[in-house]
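Got a structure for you, questions after.
Chains: A, B, C and D, in written order; residue numbering restarts at 1 for each.
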Amino acid sequence: MRFARTMAVFAVSLAAVTAVQAQDPIKYGLGVALTGPIGFMGTQYTKGLQAGIDYVNSQGGIGGRKFEVIVRDTKGIPADAIAVAKRLIELDKASVIDITLPGSATLASQSVSKEAKIPMLGYTTVPAAVDQGNPYYFRPYSNVNIISATLAKVIAELPNEKRVALLASNDDYGRSAIQVMIDALKSYPDVKVVFSDYYERTQTDFSAIFLRMKAAKADTLYLDIRYPQSVTALKQMAEVGLKGTLVNSLLFYNNELAQRAGALLEGAYITALWAPIKDDPESKKFIEAFRKTNNGEIPDDSAAAGWCSAMVIADAFKRAGANADGEKLREALAATDILSPIGRIKFNQKGDAEAPVLLLQFKNGAYHPL
Amino acid sequence: MHSRLAVFGLLATVCALSFAITNPYFQFVLTVSLVYAFATLGLNVIFGYAGQPAFGHPAFFAVGAYASALLTMRAGWPVYLAIAAAGPITAGLSLAVAFTSLRLRGMSFGMVTIACASVMYIITQNWVEFTGGPMGIARIPKLPHITANWAFLPDAPHQIFVLLCLLLGLALLLVDRMMASPYGRAWLAVRENEPLAASLGIAPVQWKIIGFVFGAGLSGVGGALFAHVIGFVDPTQMTWNAIGLFFIMLIGGGAGTLLGPIVGALIFGMLPEVLRVAEIARDLLLGLILVLTLVLLPDGITGFLQRRLKRSAPPKEVLVAEVGPVTDGGSANPSKSKSIGEPLLTVRGVSQRFGGLLALSDINFEVRRGEILGLVGPNGAGKTTLFNILTGTTRATAGDVLFAGTRITNMSAPRVAAHGMARTFQITSVFPKLTVAENVRIATHLWSNRNPASVLAGTHGFRAREAEIDNEVSEILDLTGLASLADVQAEHLSYGSQRLLEVSIALGTRCRLLLLDEPAAGLNSSETAQLRKLVLALRDRGLTIIAIEHDMSFIMQSCDRIIVLDHGQKIADGTAAEVSSDARVIEAYLGSDEFVSA
Amino acid sequence: MLEISNLVAGYGLKNALQGVSLSVTAGEIVTLIGSNGAGKSTTLRAVSGLIRSRSGSIVFDGKNIFNATPHQIVDAGLVHVPEGRRLFGEMTVRENLLLGGYSRPKSEAVSRIEEIFASFPRLRERAGQLAGSMSGGEQQMLAIGRGLMAKPSLLMLDEPSLGLAPKVVSQIGEMVLTIRKAGVTVLLVEQNARMALRISDRAYVLKLGGVVQSGASSSLLDDVQIQKAYLGL
Amino acid sequence: MAPVFEIAIQQIVNGLMVGTIYALMALGLMVVLGILNVVNMAQGELYMLGGYFAYTAVSILKVDYITSVLLAMIAAAVVGAFVERVSVRPLLGRPAAVFLATFGMSLMLKNIALLIWGPDPRDISAPFNTTPLVIGPVFLTQQRIFIFVAAVVVVLAFAAFLRWTRTGMALRALSRDKDAALLMGINANRLYMLSFGLGAGLAGGAGALLGAIFSVYPTMGELPLMKGFAVVVLAGIGSIAGVLVSALILGVTEGLAAAFVSTSWIDVVAFVVLILVLLIYPQGISRLIKRDA
């Protein structure tokens, strides 16, 4: 089952490589972590992007030209991502590249896009991604600053004693999430950060961390733990008797998590880039298109990011013309102003859309928007 | 010499090739492969030449990358200065790793180097303030142009390419020079045969550390170049994904050769990019290619090509030394030595206990300068154990050994060798993969010029000493009759010639006392006669010799004096005639008469 | 029973054996004598498959066992008790014996241990003791007993008297005769030539990897040639 | 009781449990190292496959959890024997080459797992009550107790196998003195394969046990492999008790480090302990490790 699906992705990418240039499509070069520890996120993003490109092509493409996605696996290794970016630009002749996941890969490959003057996307919420002095990089998603500011405000308004414990993954994303969170909380004098630490992606035992949080008398818990590690963590939290208001970023929005650890999640505040409970027309369009190409599967936030990337690029080409060069495309991208499932996308000076995040609360076994 | 030409030919070709390649992606892949070559070159020193399974060693590539990135970005150093500094910095860090890990040997050593690589990975991952943590370091300055207007190298990629080729050529010259010096010879010696190396004064651990650190320095420079070529460094460069690739490159190319690491880096460095056609099944193919290479090309691509090019390579026939000029040299006079002098070696009350077994019990004797002493006794009498104690291979349980006035009791083997004692081994012990001449050249280690500055600069003094070594090697080979086999690999020699080679190796140390452990065992009668002549000739040149031997005719005809050991005790000490008529000796050899048939 | 002809074998590129030919008939005790490095042990190691031979032939009980694997040779009923005994010192006497019967079904091996204990009562006393903690003579007894566990039709003993006191050496000699009485043919390699020649029927003298002399042991016993081979007198 | 002590006690208990899993990994590595004198770099992937096999057995074959662990051990053992046949036997006598060949196998197995099961983490659903038992300051769940007991049972069973069965004796004999073992009529190739299979079975069992608490994904074996190495080098070859003790020491040290230093540094603890021990007792460790390449 799974194998068939993977082979399908494999076949699609192979087909992409060998595709005849009959219709001379516009090439969208995607370098993404399909294998390695975060391969599953990269796979979701790729599916979302492909669904978006398929949708655009089904609407007739741009000026008669269709889009083609060239997918290359980076294993999530930055050095690999640099080689992929070079290859996508110089060999595959992509008009736009997208180096997605992890953030360090997006960071590393920006010099390639800058040198070749080829516009670039790349799904990451790490703040530094837009600070690389690369005018060709655009981020049509939200970022950690916005997420943290949202959560900091939630924390400040809680009736708790506001003794906050922070925990995030020991990688590019988690490191910046905690840093930014601490900064954001500084503007609320009655909030005290009593504990902060990082866990390993490979970590299996959280009980020491929770014991220390308990010893620090934390009552507000910011836990950035991804599913399914999050299920383990929530169970262990209950095991050691740690109680407190859960305040979380993107990672606790997950239907399977809700099913398996519902009771433990009760009352939690959660931010999400996007969630399928959104019922705006753009989201509906996205869900429908995605389910059509993916056997009825419900998309997640990574898939939504992929879809948005496709929409932003299609829109830019629509305005700049199908034959636009890198510079023209960059100008068109800078002038982007579209509606998407994650909201209005309009880039600032740094090329950051600073899209808003969704704030949800888990109550009575379901996610509710706030 | 041949391979050196091939290497520089290859580099020149690669350099020229860069002009044929215009696509920046291919240029990039080729450039990165060239940079990898520095690391494979460094890995080759410790893994290929010194033969140590330093599995974690490639992590030093990333260390060099971090060092140079931090120096340029935090301290504002110029790029080229930072690259130059990355070498010594990496070498310094590797020294700490070498000290902790090289106390172990073999696979355990390999595992500890992996542990050290993991520690470095975790430190770079977590020491965010210093290393940037998992985010890595972005926007590292690229290699700057040397000059804006090189008429023949107009664009930047070519300039950098030519520059890298030049630097790699320089690194190759460096390695080549080391390999043609006592350093390289010591590494090969440690790889080929540690106990023999130790008996020639080459302290194995010390030389492994030197190789480890030197290799790490080279890898560090490679890593620094890498940082400035791709402009980014992060901790994933220290994980197994990266480390494994370096081993594939080195082994696939051919470890232990000058050409192999370069060929491997160029071919296998590009392989992952070529395999992109397999997309997410890439590791499947990479693993498969790795296993197939190991099974089908045991000495890598270069080894395979060499065998294809000259089919003659391993001689089928076992080569035998011709009877050399020994007959003419010296007075092959079987009579007693004329000039037996003062005691050179004094053994006092030496005992050796292995568990409950008393292998040697209170052995006392003296050996005088210019004497040939025979040491005989049945199997298990303790003869070789005594040799091991004299040469520092085994520690005695009790007793004292004085050599030329110095107390050498329980000194390490290399230090005993430095005092002028050399030995051969009961089980033939040579450096099997090296030629006869190389075998003997290694043995000159103790009196070679090992000053690193002289070696690197190739000073007059160094070259003069190397010439002296060459002379001495050919002299020794003339003496032992191996001159015609000087360029044959030792493992291809006949057994008898290998025995002679062992003696030649011992002579290379310029020793005063030579211990021969069953030199005639397995030799036919003409070889034995030749050996006897050689031993007598050596005695006449002033060498003192102790020989363990079972071949009684050899002992009776060569030795001035004979000591008989049995069950760890000295049971006789005297001339051949005295010993052979001793009743205890005959009993020890033929067995007791007590047995009554049932 | 065992027919070796023109056997060439050695280590690395050296040929320690340069065409050894010898034969052993069922019920005999045959001994190989010769100086160190003559190729006695190498012959046994080549026969038992521990080293690969280059050329020649080895036929045992009508089967070609040239370069067969050691376990095939043991299965065929040819067992080699190596020089230096090579016991598993950290295992008990019983465990050593059990391993000796590895080629036999377990139940058979267990009952065979009782037979060995019956012939070597000393081993029964030491059954639970670690092999490495026994005296040299007892160790040799165990090594032979371990070899007999596989119910060999031909037992090859390499230097059983090595490092043993004279009194024990004579016990070993008696043991070899007892083994023969039990119907096991013996090929004996010995440095203690007198003992070996006294108990054996025939002998081969090896030198430099080849047989230089052979004949009835009694005729070789007082031969000057033998003295020469050993002492070079 | 002061909270510091409560955390310490809880972490010591947790460390003991983690230690038993390390012991399983280390025993598998040790048996291969002791008998073939090679390092099996694919051991981590056999651990990973154990997890996937248990997952597949539970979710597709619908067997119960304990059966799935046994099935996973058997299946992993079969894969281990295959790894031996393909990437070890042709290279015997070249330990460094075997090391790299098994590394190649590890790349392939990871990739194959990815192609079959996909990149998403999988969960093995195990039938355990999630309410923890509270004994003084210590919290324990049924599942953790089960893992601890199961791992200890497997270690003891393995020790008993080596100690009491004839095949176990043959394995020990082969690691002590290869020639003498061959003369007993022991088929070395078969035992080499068996030792790889056994090592793989142990790793597979560990993967199936832990996979039920934590998720199963293609790269999950990398860290346990490293921990296994550390334990093997610490313990030296030949002593199961030594491995168990070293593994427990390592587990507890890591647990305490997690409580009092930082969780992001705990993986360094294993290696720092290893290096410190080597610095202080280089002779002791070298003496324990009998055979070298």
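Here is the rule we use: contacts are C-beta pairs under 8 Å (C-beta built on N, C-alpha and C of every residue); 3 or more make two chains touch, one makes a residue touch a chain.
Just so you know, these numbers come straight off a predicted model, no measurement behind them.
Trainee: What pair of chains has the most C-beta pairs in contact?
Mentor: Counting C-beta pairs in contact per chain pair, the top pair is B-D.
Trainee: Mind checking the centre-to-centre distance between chain A and chain D? Centres are C-alpha means, answer in whole Å.
Mentor: From the centre of chain A to the centre of chain D is 35 Å.
Trainee: Quick check: how many Å separate the C-alpha centres of chain B and chain C?
Mentor: Centre separation, chain B to chain C: 39 Å.
Trainee: Would you mind pulling out the distance in Å between where the CA atoms of chain A average out and where those of chain B do?
Mentor: Between these chains, centre-to-centre, one finds 53 Å.
Trainee: By residue number and range, which residues of chain C touch two or more other chains?
Mentor: As it turns out, chain C has no residue touching two or more other chains.
Trainee: Could you list the positions in chain A whose residues touch two or more of the other chains?
Mentor: Residues 6, 10, 34-35, 170, 198.
Trainee: Residues of chain D touching 2+ other chains?
Mentor: 111, 114-115, 222, 262, 264, 267 - these are the residues of chain D that touch more than one other chain.
Trainee: Go through the chains and record each pair that touches.
Mentor: Pairwise, the chains that meet the contact rule are A-B, A-D, B-C, B-D, C-D.
Trainee: Taking the complex as given, what residues does chain B use to touch chain C?
Mentor: 318, 378-380, 428, 432, 491-495, 498, 518, 521-524, 550-556, 567, 580, 586, 589-598
Trainee: How about chain D: which of its residues touch chain C in the complex?
Mentor: These residues of chain D touch chain C: 166, 169-170, 172-173, 176-177, 179-188.
Trainee: Given the complex with chain D, which residues does chain A contribute to the contact?
Mentor: Per the touch definition, chain A meets chain D at residues 2-3, 5-7, 10, 34-37, 39-40, 42-43, 170, 197-200, 202-205, 207-209, 211-212, 214-215, 227-229, 231-232, 235, 238-241.
Trainee: Looking at the complex, which residues from chain C come into contact with chain B?
Mentor: These residues of chain C touch chain B: 12-16, 35-37, 159, 161-163, 166-167, 169-170, 173-174, 177, 191-195, 198-199, 208-209, 227, 230-233.
Trainee: Help me check something: in the complex, which residues belonging to chain B touch chain D?
Mentor: My answer: residues 47, 53, 55, 100-101, 103-108, 110-112, 114-116, 118-119, 122-123, 125-126, 240, 244, 247-248, 251, 280-284, 286-291, 294-295, 298.
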